[in-house]
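In the two complexes below, subunit A is the common chain; its partner is subunit B in one and subunit C in the other.
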Partner chain A sequence: MREKSSIKRGVSLYSFQEEYFLRKMSLEDCIAKAASFGAKGIEIIGEQMVPGFPKLTDAFLEQWFGWMKKYDAVPVCHDMFLDFKKFKGKILSKEEQLQSIIRDLQFANKLGCKVIRVIVSTSPELMELAAPYAEKYDVKMGIEVHSPWHIDNAWMKKHYETMEKTKSPYLGFIPDMGTYTKRLPRVLIENLLRKGADEKIATYVTEAYEKGVLSEYIVGEVRSMTSKPIDLMVAEQTRFYSYTNPRQLLPYMDRIFHIHAKFYEMLEDETEYSIPYEEVIEVLKLGGYNGYLSSEYEGNRHIQDVYEVDSVEQVRRQQAMFKKLLGE
Partner chain B sequence: MGPLDKFMLSDHSLLVTDSGCDLIIRSHWYRSLPLSCIGNIGLKINEKNIPSENISFEVNGKIFSFNELGNLYQEWWFILDSAILHIENNFLEEGKEYKVELELGLLIPYVLVGPDGQPMLSSSKLSKNLLSRRKKN
Partner chain C sequence: MFEKYIIVEKETKNIFTDGKPTGFQVGARVPYYRGLGISMIEDIKLSVDGNTVSPDKILVELHGNKYTLAAMQTEADDRWEFGEVGILKVQQPGGLAPGNHKITLAFTLRISYMPVIAVREDSKVLSV
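Coming up: the complex of A and B.
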């Protein structure tokens, strides 16, 4: 019998993007489904699911908190974006970037979210400027550690130095578990095979990736085998995925505010094809993590050409796996 | 190429109007974008190219010319809403099948690429045979 962990379960409603887009599921349905799996922590992308974003009407807020009560759920995280280039021919100035972050902090605060996901391209300098506002609105800012970045690379090290320098308890990380992709997603490779990729090349690429061969070498090798764009695309995929040892998270545990439990394909036996969650969760337990593991399904784009996407069943399976691994 | 390309047009997207035709479209991106992020709209109906200056764009109950879109950074195209492309002087027959080729280029404002930091252009193309219907007033 596993000891019950203090890690909490949640769902990023991004997971249901396909059914939501097709109007098969409303925002309320998404919240209800997540909660029905015992995943009570709700993560939302304002631009995706809040009509009238960035404005929040009283009517929407009343509905939102009503749903939370009805389904015994809690708002946890809003995923923010920094639209650097929304103006024609000009990039946002630093002051405009700061105002954009403040807007999202206020938005999260009104929704009752205590954390925002800060998009990976946000600079450490901007985080430092925003920290006093994060404190003012009592919303923690977690920079998303998204593959191919990982928590120990130069960009994240600069972020960590800023966290240490400011000593702000409002600056931290949101690691995306896509960083622990041990095998390339099968759904991704099968999609490329359907588009005409060569089976032998796909096998070479997936095996080389699993062995840890550098992406540069894989791409180089495939270039020597073929010039077909679709085959080169198979090789190029290895640049966007990464596997690092999850123990790299341990020194940063007190700075980890939230976790994106990315997944591509949950199998019938309730394991993930690419990401070894058993390894990941052991590390999180060891480090005493007590925030949310937030399901983030991203397999729909690879299978929608041939199958009807069932994000709900995919999330159900992942949450069932978490229950087992967390000893619930 | 976006994750939701194939949903840009539905079987009921092509409408015959008194001044030409309308095409009802959905975005192909997973989050809402300001209209300033619409980079290009390419449209062909039965191989005939429709210049973008002949297209006006309706969303949130407001109609804009294609050239206005670039400045509309506070007007959002919500992800669940359809937009209507109004095409002037392109008269179609009612109840006839037309080959519609749509290309929608969205400038993703938070993904900057290349040495000059330009927004990533996510361009989706879809070709579909659509039966034209009379627009109900």
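Coming up: the complex of A and C.
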């Protein structure tokens, strides 16, 4: 008998970036909307929606926890960045990079987040150095498994070796479901068509991607058809998206702290155009995942040139899909 | 990403001192999805009607702080917040002539995890 899934629902406020950027929604509005869909786990990018980052005033914290109470929500995850190229022509030293990570661990701790999303480019070596601080601040560090990386590739294997070597329960993964992009986002291709890409080439690229043709072949084929930069850009997109079998997550379940439920376009029928969430969630249930599925809408950048973005409706649809798939 | 929001129309206008136009300003937002330490804004290129404004003539005002483009490169703490409207000020006796002008503004951003430097540009025809 399999254990009953206890997957929880959340929203990364990243999803509402369009409305927040344009000051159509405040931080409180973002939290309220997420919670109104029954997605009680709140994920935040401090550098996006906390002015004055990394400082946290007492007044802000009082408001923050007040909102959590008011909307019956819980802080779950803070997403960190590591700006090792902060100054031109210079790379921050290992010690400076470690200090940057510690800064984010402290920030997450103050916000009541028990997890931070570590940007994918962070090395296993730095993770190892930071592990004792993660323990000190009681904040787990999940390296983001973001396409075109996937959980079984070389970079992530090194991370896994470090997790095993240190035996630290504070080191793990945050898989981004963009790794399971079965079809290239329609919103992405339509955007490139608006910028002048050739329709036949776009059709060839999307079909080839769907068949699983290796990106190198797709790019090579398109190069033999044209030298127009915009058409080559269409082909190059296949390097940044990936589809791997979600079952690859199963051996790592006890190291998965949190999940980014990436999406590009939720259709009216409450399915995602590119990512087969029914397959993904089946695997997560099978693996006994009991953390958060955190909505991460990333379609706005592809449509904002001509459409008014409605991130709230997009998140609503994804959360409705999750409710169905989770049997709520 | 966010290109079309870079130039903020209502903050783009002539600057008057004692009733006389002494320059002009352009409202600007950083085309990225988080606030950025301002040393990572590697370059800002502004042009009006196809003529590039000399970088040393641009002064950036952010929440009360003022920076030359050169000073931004070494600023260690201050940030250009996500969606924040900064003001680029250019001293130019007479300001811009009344009527339409094509303003083009490009940001060069050094984002550590990205394999290449990002250059994002907006262009708008505005009346001053």
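Just so we're on the same page, the second predicted complex is superposed on the first by the 322 of 328 C-alpha atoms of A that agree within 3 Å, B and C clash if a C-alpha of one lies under 4 Å from a C-alpha of the other, contacts with A are read in each partner's own complex, and residues count from 1 in each chain.
Heads up, the rule we're going with is that a contact is a pair of C-beta atoms (placed from the backbone, for glycine too) under 8 Å apart; a residue touches a chain by one contact, two chains touch by 3 or more.
Everything numeric here is computed off the predicted structure, so don't read it as measured data.
*Asks:* In the superposed model built on subunit A, check whether subunit B and subunit C fit or clash.
*Replies:* Superposition result for subunit B and subunit C: clash.
*Asks:* Based on the superposed arrangement, let me know which partner A:V283 touches: subunit B (first), subunit C (second), both, or neither?
*Replies:* Neither partner.
*Asks:* When the two structures are overlaid on chain A, which partner does A:L193 contact: first (subunit B), second (subunit C), both, or neither?
*Replies:* Touch status of A:L193: no partner.
*Asks:* Applying the document's definition of touch, where does A:L22 land relative to subunit B and subunit C: first, second, both, or neither?
*Replies:* both
*Asks:* In the superposed arrangement, which partner chain does A:S121 touch: subunit B (first), subunit C (second), both, or neither?
*Replies:* Both partners.
*Asks:* Pick out the shared contact residues on subunit A: the ones touching subunit B in one complex and subunit C in the other.
*Replies:* 14, 17, 20-23, 45, 47-49, 51, 53, 81-88, 119, 121, 301, 304-305
*Asks:* What does subunit B use to touch subunit A in their complex?
*Replies:* Touch residues, subunit B against subunit A: 3-4, 6-7, 26, 30-34, 36-37, 70-71, 73, 76, 78-80, 107, 109-112, 117-119.
*Asks:* So in the complex, the part of subunit C that touches subunit A is made up of which residues?
*Replies:* Residues 1-5, 29, 33-37, 39-40, 42, 73-74, 76, 79, 81-84, 110-113 of subunit C touch subunit A in their complex.
*Asks:* Touching residues of subunit A toward subunit C in the complex: what are they?
*Replies:* Those in contact with subunit C are residues 14, 17, 20-23, 45, 47-49, 51, 53, 81-88, 119-121, 301, 304-305.
*Asks:* Okay, in this complex, where on subunit A does subunit B touch?
*Replies:* My answer: residues 14, 17-18, 20-23, 45, 47-49, 51-53, 81-88, 91, 119, 121, 300-301, 304-305.
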